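Chains here go by letter, A, B, C and D, matching the order in which they are written, and residues are numbered from 1 within each.
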Amino acid sequence: MTAKIAEDKPLVVAGRELKSRLIIGTGKYQSYEQNARALEASGAEMITVALRRVNLSDPDKPRLVDFIDPEKYVFLPNTAGCFTGEDAVRTLRLAREAGGWNLVKLEVLSDPKHLYPEMEETLRAAKMLIADGFDVMVYCSDDPVYARKLEDAGCCAIMPLGAPIGSGLGIQNPVNIRLIVEQTSVPVIVDAGVGTASDAAVAMELGCDGVLMNTAIAEAKDPIRMATAMKHAVIAGREAYLAGRMTKKKYADPSSPLSGLI
Amino acid sequence: MTAKIAEDKPLVVAGRELKSRLIIGTGKYQSYEQNARALEASGAEMITVALRRVNLSDPDKPRLVDFIDPEKYVFLPNTAGCFTGEDAVRTLRLAREAGGWNLVKLEVLSDPKHLYPEMEETLRAAKMLIADGFDVMVYCSDDPVYARKLEDAGCCAIMPLGAPIGSGLGIQNPVNIRLIVEQTSVPVIVDAGVGTASDAAVAMELGCDGVLMNTAIAEAKDPIRMATAMKHAVIAGREAYLAGRMTKKKYADPSSPLSGLI
Amino acid sequence: MTAKIAEDKPLVVAGRELKSRLIIGTGKYQSYEQNARALEASGAEMITVALRRVNLSDPDKPRLVDFIDPEKYVFLPNTAGCFTGEDAVRTLRLAREAGGWNLVKLEVLSDPKHLYPEMEETLRAAKMLIADGFDVMVYCSDDPVYARKLEDAGCCAIMPLGAPIGSGLGIQNPVNIRLIVEQTSVPVIVDAGVGTASDAAVAMELGCDGVLMNTAIAEAKDPIRMATAMKHAVIAGREAYLAGRMTKKKYADPSSPLSGLI
Amino acid sequence: MTAKIAEDKPLVVAGRELKSRLIIGTGKYQSYEQNARALEASGAEMITVALRRVNLSDPDKPRLVDFIDPEKYVFLPNTAGCFTGEDAVRTLRLAREAGGWNLVKLEVLSDPKHLYPEMEETLRAAKMLIADGFDVMVYCSDDPVYARKLEDAGCCAIMPLGAPIGSGLGIQNPVNIRLIVEQTSVPVIVDAGVGTASDAAVAMELGCDGVLMNTAIAEAKDPIRMATAMKHAVIAGREAYLAGRMTKKKYADPSSPLSGLI
């Protein structure tokens, strides 16, 4: 007798296997050291880095790479702060020349009020980057129509937002996330909006392949503990999805059948 | 540098220490063997048993104790199927004489449609049992007024329902659960209503000390896998509660501050 | 051709017919005059009055009755501020002697933090009042078990709370309200918790016979306009309930069938 | 003393004043006669017509205009069933030649599964139509970025979806609707997704200028009564929005202050 269940398949993005389905960020931490400790606690193997903010190379200042080993973790350069396609493409080309990064996260933002992606520019930039040989994971709205265009263009992961970046409001539109999951062949990874552990579990229960988050961990009162929480939440949601939940019922249904009692 | 966080205190109910904050049931499984495997996967150390349904002693039929070792797990006899206080008290006295069980879960039900507790009878029965030396964990409505009466009467754990037994609807009234958590000194354990992993996480994020569930695991398509999911969900929700979640915001807040970009 | 529909039956409470299903209060208004104007705008025919706070008889101070005509509106004396059954019963007996009021709203409160009803005391007081010849509308928790006891005791209206008094959080537990509606023969009137128009509509869509509210109107920026909103919201929710809503669907269903297009 | 409040301004779309903020459709009714009766009950002054489905001109078949007078109601031709911009533009040009309609509702659909708008095509078609002199009300996703593009292109009303057409799921993403309302100068009208009265009230409470619905009325058990419900729901939500709702509170706040009781 054993409680063994078949192990979950790894998440595969552009040929890279990841055991953890959680991806974390590098913003808002008190220090690179705290960031590194949160990463360790989270169990994540991939970490996203804003090329326009994080110091990767200047040896006179603290460098992220002195705390988080690029040999041990997959660095995912992103284009946070880019508001045009050209901007994003230029930023990523420079990064590839400097660090050899080919797998990237594209985000082309619009209004700072909501930081939603500019979808026309995003699609245009994605095509340029793919033509240029990049593997593009793409931050996008939760519009299934655009999600399909991005997949058709060759993006290697679709990353719809759950709520505005940094808002912590949780998944606003489960219907759209579900529609995107149902239609998509590459990994779907909710990016932005998670506020606490149950939000991450909900994303995974909808069938997403992963979750990317930053503020929920970095702005928790205890970021390291929240990173631990998120590690478990993503596993919980994933396993619940694979297990197949019970049907909801309008009335009670006794655990202990009331007939045939001894 | 380390990702260590202070370990959570164990859940203590009537002097018994439990490392896992998840309690599971013994109803609706296909077999005692499946029940045992789910228990192992769940990591739970306490398991509740309907005295009126589960065979504990008749050696001519399959017995639960042949599959789940009462030396290894804490058996929590319950009064499922009892509709009066006297019924519940009589059932538990017989069980104590037979098996020595002193720590019990009291439930006095009302209408089969919702299986909500009959609170007047529940309080009356709780007082009888406590006077008789039992340690009483008590299934109750989510009314904070009655929760206080039960605590004042000496119950060792308050177990408000999240939704009708077996409904899988999730926590219907987080306001009430929060009010009960804020006012209660003994453990608060949500009992009934959880349907999937995120529901369990939500219960723990509200500050509950534990979650008891049966149908969510037993009626999942893959009960063993769902038991695993629940193990992680309870840890996730607990750690998120201890970590202190970020504040929700009405608008976006960039992970990578937009000013000062290089 | 006509758009006529059968007119809704009136709400009947203890033999009194009310065309409006909205009942409003007399607390927190800037003045009795504002209260009177809100009442007019709301279309309500019944108004509840806290006997312990509202001046009904002292001619040296502003009196509610100088602004709201007891001949024109049904005054519903309530026991707000009573924390024991005896207190509530004494208060209502005095009121009956002074003003002849026989139809009353009973509330026996507990903790000021949530102002939930003390259900044991409430039931006890209800029985005393009914034995004494009162028609008792009763503020209660949303526990269907207690709702049935109150109905069995002879209360003429069951008034479950939607959320804590004055919180404006809306109906927290639609499952319980629905269960109460399904089992109850006398009018069910949601009392407490409504914050805005849609909350009132939701209560009525669940099948309730009416809604009582105070803070949602009195603390709106423009109480008179909010009273108008609530008048329409209660009608909207009631008519929607009677009309029978469409079934929810998981996917789109075109208004204009896509086949057979010209 | 009077309960009068300043009357709400009319909804103005492309110079046309509408007293009712409700717009209804012409699909799924049992007959044109039933449609006409629902229209009358709803109080709507504008009705949208699928050019590809509704018979407007063939005198040998029942014609909508024999039941609903185009002199009395504003007909809003729409492009339901069009899946490309060209298709939509051609359809509307033919309609203008035939019936003189200049104010139109543009919808360019994508996948029948969700019937979401194809936003790139929608924007392209909107520009063609506006250049061609049409007044374009536009069905769109709830993406604020695209909503702004459509407004910048000169659309006279922005009509974000609340949920998939015909689903009756209610407003899925209130955050997005609010963001669109905050940024938009022309009327914002929720189009698609409303299932019952409270859904319409919620849309209006978010600050929308109007609501368009079809299935919620046509597929109610009693469409005429549901039309009445919706008339009141839209007024209720609008007035509540103008009135300014009370603040939500975490704890109770007595209607009748507990201090200073007599």
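Observations, loosely collected:
One rule holds in what follows: a residue touches a chain if its C-beta (ideal position, glycine included) is under 8 Å from a C-beta of that chain, and two chains touch if they have at least 3 such contacts.
Quick caveat, the model's predicted, so the values are computed rather than measured.
Seen from the Cα centre of chain C, the chain whose own Cα centre is farthest off is A. By the residue-number overlap criterion, the interface of chain A with chain B counts as same, with over half of its numbers used by both chains. Chain centres here are Cα means. That of chain A falls 47 Å from that of chain C. Centre to centre, using the average C-alpha position, chain A and chain B are separated by 32 Å.
Averaged C-alpha coordinates put the centre of chain B at 35 Å from the centre of chain C.
Within chain B, contacts with two or more other chains are made by residues 113-114, 116, 164, 167, 169.
Listing the residues of chain A that touch chain B in their complex gives 1-5, 25, 27-28, 33, 36-41, 50, 52-54, 67, 78, 80-81, 112-116, 164-169, 195-198, 200-202, 205, 214-216, 218-233, 235-240, 242-258, 260-262. Residues 110-111, 113-114, 116-120, 141, 143-146, 148-149, 163-164, 167, 169, 172-176, 179, 183 of chain B are the ones that touch chain C when the two sit in their complex.
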